[in-house]
Amino acid sequence: MRYLPKSTDERNEMLATMGVQSMDDLVAQLPNAARLKRPLDIAPGKSEFEIVDYFRARGNDCATGYASFLGAGVYNHYRPVMTDVIVSRSEFLTSYTPYQAEISQGTLTQIFEFQTMVCQLTGMEVANASMYDGSSAVPEAAMMAVRITGRSKTLVARSLHPEYREVLTTYARHQGMPVEEFGYQPETGRIDIDDLAARIDSDTAAVIVQSPNFFGCVERIQEVAELAHRKGALLVFAFTEAVSLGLLEPPSEADIVAGELQSFAISPSYGGPFAGIIATKEKFIRQIPGRLVGETRDANGNRAFCLTLSTREQHIRREKATSNICTNQALIALMATVYLSVFGKEGLRELAIQNLSKAHYLGDRLLPAFSAPYFNEFVATIPDPAEANRALLGRKIVGGLDLGRFYPELAGHMLLCATEMSKKTDMDTVIDVLGGKS
Amino acid sequence: MYPEKFRYTKEHEWVQVEGSTGTIGITHHAQSELGDIVYVDLPKIGAKYAQGATFGSVESVKAVSDIYAPVSGEVLEINDALATAPEKLNQEPHDAWLIKVKLESPGEIEQLLSAADYQTYIGA
Amino acid sequence: MIRKVSPHITQNEALLFEMSSPGKKGYQLPDLDVPEVDPGKALGKSAVRDEIEGFPEVSEVEVIRHFTRLSTWNYAIDLGMYPLGSCTMKYNPRINETVARTEGLAWAHPYQPEELSQGAMEVMAVLEAALAEITGMDAVTLQPAAGAHGEFTGILLIRAALEKTGKPRKKILCPDSAHGTNPATAQMVGYEVVNIKSNSLGMVDVATLAAAVDDDVAALMVTNPNTVGVFEQDIAQVAEILHAKGAMLYMDGANMNALVGISRPGDFGVDVMHLNLHKTFSTPHGGGGPGAGAVAMKKHLEPFAPFPRLARTPQDAWTWNYDRPDSIGRVRAFYGNFGVLVRALAYIMAHGGPGLRNATLDAILNANYIRKALEPYYELPYKSPCMHEVVFSDDRQAAKGIKTGDIAKRLIDYGFHPYTVSFPLIVHGALMIEPTETESKREIDLFIDAMKSIAQEVLDDPKMVLDAPHSTRCRRVDEVSAARRPVVRWKPPVQQSRAAD
């Protein structure tokens, strides 16, 4: 087999030095009852050609050749060629977590750059080396707020991604962390700050707000931060569309930022792998979950980097750790780092303006249902979203998300997203099919 | 090495009693076992601990050790200097105190080890 | 003497921020085909940021050189043996990278219509079935993102099933040899952790366990083969003891690569387990992730599995079923680390059923060959035959003042990545060596030579070993200063910001 680099002679030679008769005798150490006495019911090994062919066929069973206006937490952005060139380097692809600093400076240096860029984008002072994704970063941020404040309750905006809220519920259930939702204003699509004010109390550890929120609306973060801080709670700022950070004011008033970087050169890949982040203020550094890289010196006095503050983590603190997270999304975070290097300061802004412009071209002609400013997603009133989407599919277009699926009160509404990848001709088709004004 | 005026625990804390105040630290032996100390987690002023309860922790790069209260009491003062200079615990463990407490039951001190007993205990 | 290493050029490299200059670009966007919108007008002036202070401004050429230079500072499996015990650093077939980038799969949006997602769903269904067959379990969820996330899912399943009977119980038992994730996970699911002492063979002690299991114990979390590389000989009895008291057996599948094709946890009493697809099924570790943490479970736990679940429609197509009233909920958004799942399935297809068994046997062969060769030089704390990894201790070398961490650093000079240092905790000064099946005899012999040579160096020149590594561009790193005064992001030099004022 091509992945097993030994000849039969070599195996026999090795067995002989150990005084073992045959390969099969290697399983003698298993209790008889625990031995599998038949071959696995899995087809024999396939050639490279057959494997490529199989997955190509599966790919063809999916939506190839369609334009898409889906966003809702997963965005269709261009991936510069450079990202795959870099992440395909063996030294990044096939290395482990950089515990041995002397032979891991490549990964460590890059993570340090990643942490720095996340801080620059979010207005925070400390960022970790990545979480699984945005949806698991949010509950980890809530747990962090509970540890910091010594309080238990989490208030979460109903306009946070619905699946993120579901994940938060799962995480919180057995940790003595009650989770309560607060609403959004039906006219603006922004959070209902009065509802939040009515619910926040002296046991509230965290207020979680997403911006742009699930409806694409940009929230007024300063206002929420003031309210949360007045009540001694922390503000957790969540985001799913990272490109928005290139244009929008950073959430510096927040205490913790938890978000998803999929927009930064990470293909939608049917929902993963993505990369989440948690960033916070320096004073909370000991409560951040996940790996952190720090700057230091080597024995020759040269700048070097290493994993640091590991005592927060499970492999040392075990049941008292800040989280059970071990594996993270390092290679995906590398994709994001390369992407941000390629676009840089001006590019990210220009890209964000293109997203804004495209979405507004579409939004101006379809009449958003909410009045708050939006970035690259908006909610349109469409009497029968399912029917409309069927019609679009006929024109080789995947339409928007039928919001009735997550918000019964928003049946008859569709969440549409346009990015730099959306072509005017396709948008015109959408406008035409959805009965917008051209 | 181990001052006579201190009393010691088997968990390697020392306490010095002056009036109704107990000053608490970790021993030379403790710091040498831990290696380079990089962080000290101390309680808030006003917190109360029973004898034997965990009131904080000290960390090296790859280990965390809880610190146990040698005596019951209320925290009066914490040694803020350790936040920015945890290495003091390595350099002068018997000067770099962690917390001062108001003793709740001064009699507890009698249960602790003398300097001589502690040195026998650690085999020094 | 250092047979594997010759000096090679590694270049110094600044951070991206330090090589930036205003106006340098690595991108070009297409011309807008719609009117450009003024951000201040669309979003409100106060909502728009001025600039991203300090953000990189570099050219495409600098980007590729920067990351390529950085890459040369890393060790990697593709450079040589990476015998990190428990981490399973085996060859990552490149075909898997190619198929994961298949257009229809890589660009599938999780909310695109099911009729346009059938290929992706089929891949997941086929993988679920293969993993169920490999583990001997009844059902599999692919939602968890990594091993620890899978543990979290598995313990939630146990808790949900117990709650359904009216009593969630209070405690989870973990052997003292367990991975740190096990106790950390139990805590996240609201359980108290009780550590169980291993016996003199490094295994779960049946008598100790029997005494510890009562009506408050929800489960035992056991790694099998355990972290000293030994198959738990009494595992069936362990399962019986737990089941008799209404408790369950959770298996940490971190070492499942030692069992594929030769033994199935479902057949020896395990109720639920996770698999680290990035270990056993060889998806790349990528410097720390991504992974995937599939959870395999027995029938009685399936109703509690995370939603949505794959199901067949009356028209014989795949669909996502969200109608799961007993489900523990979601553990992450969408369906799992799909791109990692594609790679794992490609790996399983390449080996096939018989091939997977051969891979397991080669892994066991390699570990035992190393064990035999190094036993005269390093202390072997547990004498039981090992499976896929072998754990020595630094007892003999520590007597000369050289600890496992020092031997590990010296191994770097011989062209190898160190083994796992100081784990499991039950072995003082552990050297945990896992060669995996994808090392040739030649590479393993080189490794053995290196380890023997270091054992001799410890006797002849301990100071030299203490100062290792000598051949790397970066010498031993000051982790103490890094932790005392953490610097976790780059800041512009002070004089520069003054000039900007």
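For clarity, chains are labelled A, B and C in written order, and residue numbers in each chain start from 1.
Methods note: a residue touches a chain if its C-beta (ideal position, glycine included) is under 8 Å from a C-beta of that chain, and two chains touch if they have at least 3 such contacts.
If you're wondering where the values come from, they're calculated on a predicted model, not measured in any experiment.
For the interfaces A-B and A-C, the C-beta contact count is higher for A-C. The chain occupying the central position, as judged from C-alpha centroids, is C.
Taking the mean of the C-alpha atoms as each chain's centre, subunit B and subunit C sit 38 Å apart. In this assembly, the C-alpha centroid of subunit A lies 44 Å from the C-alpha centroid of subunit B. Taking each chain's centre as the average of its CA atoms, subunit A and subunit C sit 19 Å apart. Residues of subunit C found to touch two or more other chains are 479, 483.
Shared interface positions of subunit B, defined as residues touching 2 or more other chains, are 39, 59, 61-62.
Those residues of subunit A in touch with two or more other chains are numbered 310-311, 316-317, 320.
Contact residues on subunit C toward subunit B in their complex (touch as defined above): 422, 479-480, 483-485. The touching residues of subunit B, when paired with subunit C in their complex, are 36, 38-39, 59, 61-62, 84, 86-87.
Across the interface of their complex, subunit A is touched by residues 39, 41, 59-64 of subunit B. Only residues 286, 310-311, 316-317, 320 of subunit A touch subunit B when the two sit together in their complex.
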